[in-house]
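Chain lettering (A, B, C and D) follows the sequence in which the chains are written, and residue indices restart at 1 in each chain.
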Amino acid sequence: MSKYSIILGNLGNTCDRFLSSGYKDEIPKAELIKQASEIEGVEGVELVGTWDVAPENVDEVGELLDRYGLECVSIIPDHFSQKRWGKGCLAAKDSEIRKQALDYTFDCVEMARKLNCKTLNIWPGQDGYDYTLQSNLVQERAWLKDAIQTVATAAPDIRFALEYKPKEPRNFSFMARASDTLLLAKETKLDNVGVCIDTGHAFVAGENVAESIVILQEYGRKLFHMHFNDNYGTWDDDMIVGSVHFPRYIEMLFWLKETKYDGWLSMDQYPYREDGQGALRESVEFLRMIEEKLSDQVMEEIRDLLTKGNAVESQRWIRKTFFK
Amino acid sequence: MSKYSIILGNLGNTCDRFLSSGYKDEIPKAELIKQASEIEGVEGVELVGTWDVAPENVDEVGELLDRYGLECVSIIPDHFSQKRWGKGCLAAKDSEIRKQALDYTFDCVEMARKLNCKTLNIWPGQDGYDYTLQSNLVQERAWLKDAIQTVATAAPDIRFALEYKPKEPRNFSFMARASDTLLLAKETKLDNVGVCIDTGHAFVAGENVAESIVILQEYGRKLFHMHFNDNYGTWDDDMIVGSVHFPRYIEMLFWLKETKYDGWLSMDQYPYREDGQGALRESVEFLRMIEEKLSDQVMEEIRDLLTKGNAVESQRWIRKTFFK
Amino acid sequence: MSKYSIILGNLGNTCDRFLSSGYKDEIPKAELIKQASEIEGVEGVELVGTWDVAPENVDEVGELLDRYGLECVSIIPDHFSQKRWGKGCLAAKDSEIRKQALDYTFDCVEMARKLNCKTLNIWPGQDGYDYTLQSNLVQERAWLKDAIQTVATAAPDIRFALEYKPKEPRNFSFMARASDTLLLAKETKLDNVGVCIDTGHAFVAGENVAESIVILQEYGRKLFHMHFNDNYGTWDDDMIVGSVHFPRYIEMLFWLKETKYDGWLSMDQYPYREDGQGALRESVEFLRMIEEKLSDQVMEEIRDLLTKGNAVESQRWIRKTFFK
Amino acid sequence: MSKYSIILGNLGNTCDRFLSSGYKDEIPKAELIKQASEIEGVEGVELVGTWDVAPENVDEVGELLDRYGLECVSIIPDHFSQKRWGKGCLAAKDSEIRKQALDYTFDCVEMARKLNCKTLNIWPGQDGYDYTLQSNLVQERAWLKDAIQTVATAAPDIRFALEYKPKEPRNFSFMARASDTLLLAKETKLDNVGVCIDTGHAFVAGENVAESIVILQEYGRKLFHMHFNDNYGTWDDDMIVGSVHFPRYIEMLFWLKETKYDGWLSMDQYPYREDGQGALRESVEFLRMIEEKLSDQVMEEIRDLLTKGNAVESQRWIRKTFFK
């Protein structure tokens, strides 16, 4: 069975552009961490910069994690929720902003070390553009690569998982798809730079996530991290896993196991109107239900289905194997 | 348990624009009908004009259906596969074409009567437009409505199920969505004009099919027919039911039962590279698996979930109820 | 030339779920109204409840509008940005919330009367659902219709323009498409209930906006209001008009004129990172550029193109007529 | 001004899955070539295997091209329209099919040499999969790469432009996006393997084509070829250039020029119901209209816009520069 984690903030209040004060009430950090620890199977949490952790409270957060027996799986630097990053962060047109972004990322490296956390999950949501004729694509993409390269070179003890997403908050992100991001990671020529797949982001990109897993693993074992959620296919709805798509998660978990992925399966949702703990627990339960089925024999059966490629047989097998 | 049927041609050869001779070999009609009769649970077939049935062979087809104990559930007039309909059919700009289309539809009425078939399933695939500034939208939409009204007035013994689809083969269809089509049906002021939902077409339209069922039933019990298949959400992939989406079919079958739909559940797929019989059988099995669960108690449980609206609880209930 | 207006808040600060404090600074209301008045061609503004106008400041706002010579084109009741509406508003499961929503809508009627404003633009963004098996679709849709009917019956001096949108903030809205919303409007049997098209919402719904205009006008002259913006087709990006699609706006303006629409053309954007006044001005300029071309002769040329339906000729005509 | 070409078959008959005999009549090859030569600005054609050229008629086709003064810009091997490729071609599960596909590709190399054509445009449309659990993704992707590598190694005088497309005719293609395909091209470590962008395929993939151009050029000057058409964003509608999107083509042509792309601009459309010659001519005219604007001064103005990144200013500049 894989190691499961959650993004801590998913348990808290969540807002959107219409209801900016959020759909729920704020919950104290200690309570969030306690709730995380109560979800069966969850052994770690990811912390978002600013929202969950900052230099000022990193020690306190570390103590709380210890108290509740949770590992810090990754820190997600806050490259997106500060007004200064509004027009770009690591790849901002303004060199002063780029410098601040790099400095802040180094701060996150320090926080990670304090928390004995091995991974920075980099999601540069504000790096991209919205309109035609708005971006010097060559220059700005280069700045983004350089920034990653600089910090990853300086922190060889930390793994940098680059998380891609086609759009939102920019209409076009520079790290948009699995392969784009893999190209950037490879361009750094650093072993500690890889890619994070968020299943929902990949759905929006039109990817078959199983194939994205394979591409990242085949071109240099570059799959560093996994974020799980579900959506209706055109937007990052950040829903409970399996609430829309079911069979695709079987294929994902098969290929994660088959390619010997040994990282975390982390839940990344936005339960705007739902009980956060319940929504995350349900996702973990759903994935574990599938994982439990993946015995050696079932893995062999799946390999056989893939070799034959008979879709009718595959669908029948799924029905017989998973449904009552 | 509902009555299940299939579209006969789904068992035969299927082509696309790149492989116009088709992915499979042609199968004789008698064999197609025999194969249909072999699928457990299937009691009827739908016949596509030209492809499956024409004035010349209607008696022969009727005898074959009798021999294999199958009901003719609907005739789908061929308003799409003839060169003369290429730029429009019932709503063509050319009045001579419109006349031919109407005449042909009356021929289909006669065929239906001969086959003791109660429904014409009208899918005017060529009625629409492709480009900006290409259609007199007021005039052409009126022609389409007039044609339906004319034939349905003249054949009160036949039910006309209007099947909508947002695009393909035109980039924009005049009958594009459930509500557009319902408006047109209501405009005829005829009790024998209603709507057919194709689940895949509705997914492409961004509809929650369950809600489309409710809308059609609530605004005058206008849901006349159901076509089932699955797809990835942006195109009419015409796949095996449940191969992409699972939970949504539960909601559909719940609301069909709740609104006392008593029509057919008909499979409409394009198994380009699959064994046709196997692909259709698998869809029927999948839907029956769900239907079998919908006991009085389960219906009550679902009503309770809908009243509460707690998404976590609904997802947990689905997992516990349907998965091993 | 049509009458042009803007939504006042478009000039102010805008946020999203990641940067909830907003991308820009807050601007005082007097300054917003002054800026609106400075945009050439703009004669009116729409006011969003809570954000722009409330019972406490309605008189003050009215004075400011007078001072700057602006008409109040509509009030958009705040049915979306208050925590109490988070799980539904006019169609909430909680009867107490429904009652509050209705009361609040009546307050908006009063504000409209005070401002000599003839239209309430109703966008019930929180009325819908997110997950499978979460909504009693029959009941909740009926509550929504009843609420509209109640307030519109009581305020025959006010026109109610129902604004549809397929999703966001809910994954599925009850008022999702032009025809769905028209059906609801017709169901009220009230002359003062109609529909507002937001061009971006319609793009996301896969509609050809020109055809939505025609449908609403043909089935009872129910097009009450127009919101303009542009997007990339899958999400409500709320961009400058014409920044993505160009030819479609020609077709829209043609049909607005052809069907004798005499309402406002109102700009509804979210210039997250742009100068708000500049972004709105550019949209107005773009639409006026097209409108200025629509002379009697050009209207006749377009009618001729629509009758012929020759796409090559239409595209050539667009190129020759609009481009240098 | 760039070199313009067309795909010859675009001038002929075109079919879809519903009207497999095609929307138009067949036109003799000599007439197709004559029509191509008549389009102002067009200097070359691309030939599709089987449809346009085969070992049996290659000499005759060569003579016709000479007579009409047209260059053979590329051969597009027919990896998609033969029944034997129905379940896969270069990456088929059946080793005998893979061998036939490779042999056939070598035949195309020979034809290219005979026609003094420097490019094979490889579009392996049948290589991919449709359903979950249907493909051994590692193995089949490797077969595809090996096949390309084998033929490109053996024919160093020919450039292999790999054309990607997210879906159709398979629900998932192995060459799906710019970066996926670039990774595969780079994996061959061959200078004569690069990528072809089809603008419509890239739109369906959600790419900003300008950025795809930049990525391919920056990571090793791997943009080998360009196919032009337009669509509504979710499907390969293969429409006249500029009929949906306008500003994005400015950005594409800017970056092609800026990155010193010196290949062909080739039209690739499916004018199902349009006059083929007219539809292609209109696309060429549209692109040339934009290209003619790209003087040194305008290029400098655009660089300035990209550096500033002010969307309002960019949109105003587009309006002032291109519209009457």
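Keep this in mind: a contact is a pair of C-beta atoms (placed from the backbone, for glycine too) under 8 Å apart; a residue touches a chain by one contact, two chains touch by 3 or more.
If you're wondering where the values come from, they're calculated on a predicted model, not measured in any experiment.
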{"item": "Remotest chain, chain C as reference, centres from CA atoms", "value": "D"}
{"item": "Duplicate of the B-C contact set - from A-B, A-C or A-D, the pair where over half of the pairs recur", "value": "A-D"}
{"item": "Chain B and chain D, separation of their C-alpha mean positions in angstrom", "value": "35"}
{"item": "Between chain D and chain C, distance of the C-alpha-averaged centres to the nearest whole Å", "value": "40"}
{"item": "Set of chain A residues in contact with two or more other chains", "value": "87, 130-132, 167, 232, 234, 240, 243-244, 247-248, 273, 310-311, 315"}
{"item": "Interfacial residue positions of chain C with respect to chain B in the complex", "value": "87, 93, 129-138, 141-142, 166-167, 172, 176-180, 182-183, 187, 204-208, 210-211, 214-215, 218-219, 247-248, 250-251, 254-255, 259, 302-303, 305-311, 314-315, 317-318"}
{"item": "Complex contacts: residues of chain C adjacent to chain D", "value": "232-234, 240, 242-248, 271, 273-275, 278-279, 282, 285-286, 289, 310-313, 315-316, 319, 321-324"}
{"item": "Touch list for chain D against partner chain B, complex", "value": "14-24, 80-83, 85-87, 125, 130-132, 167-169, 171, 232, 234-235, 237, 239-240, 243-244, 270, 272-273"}
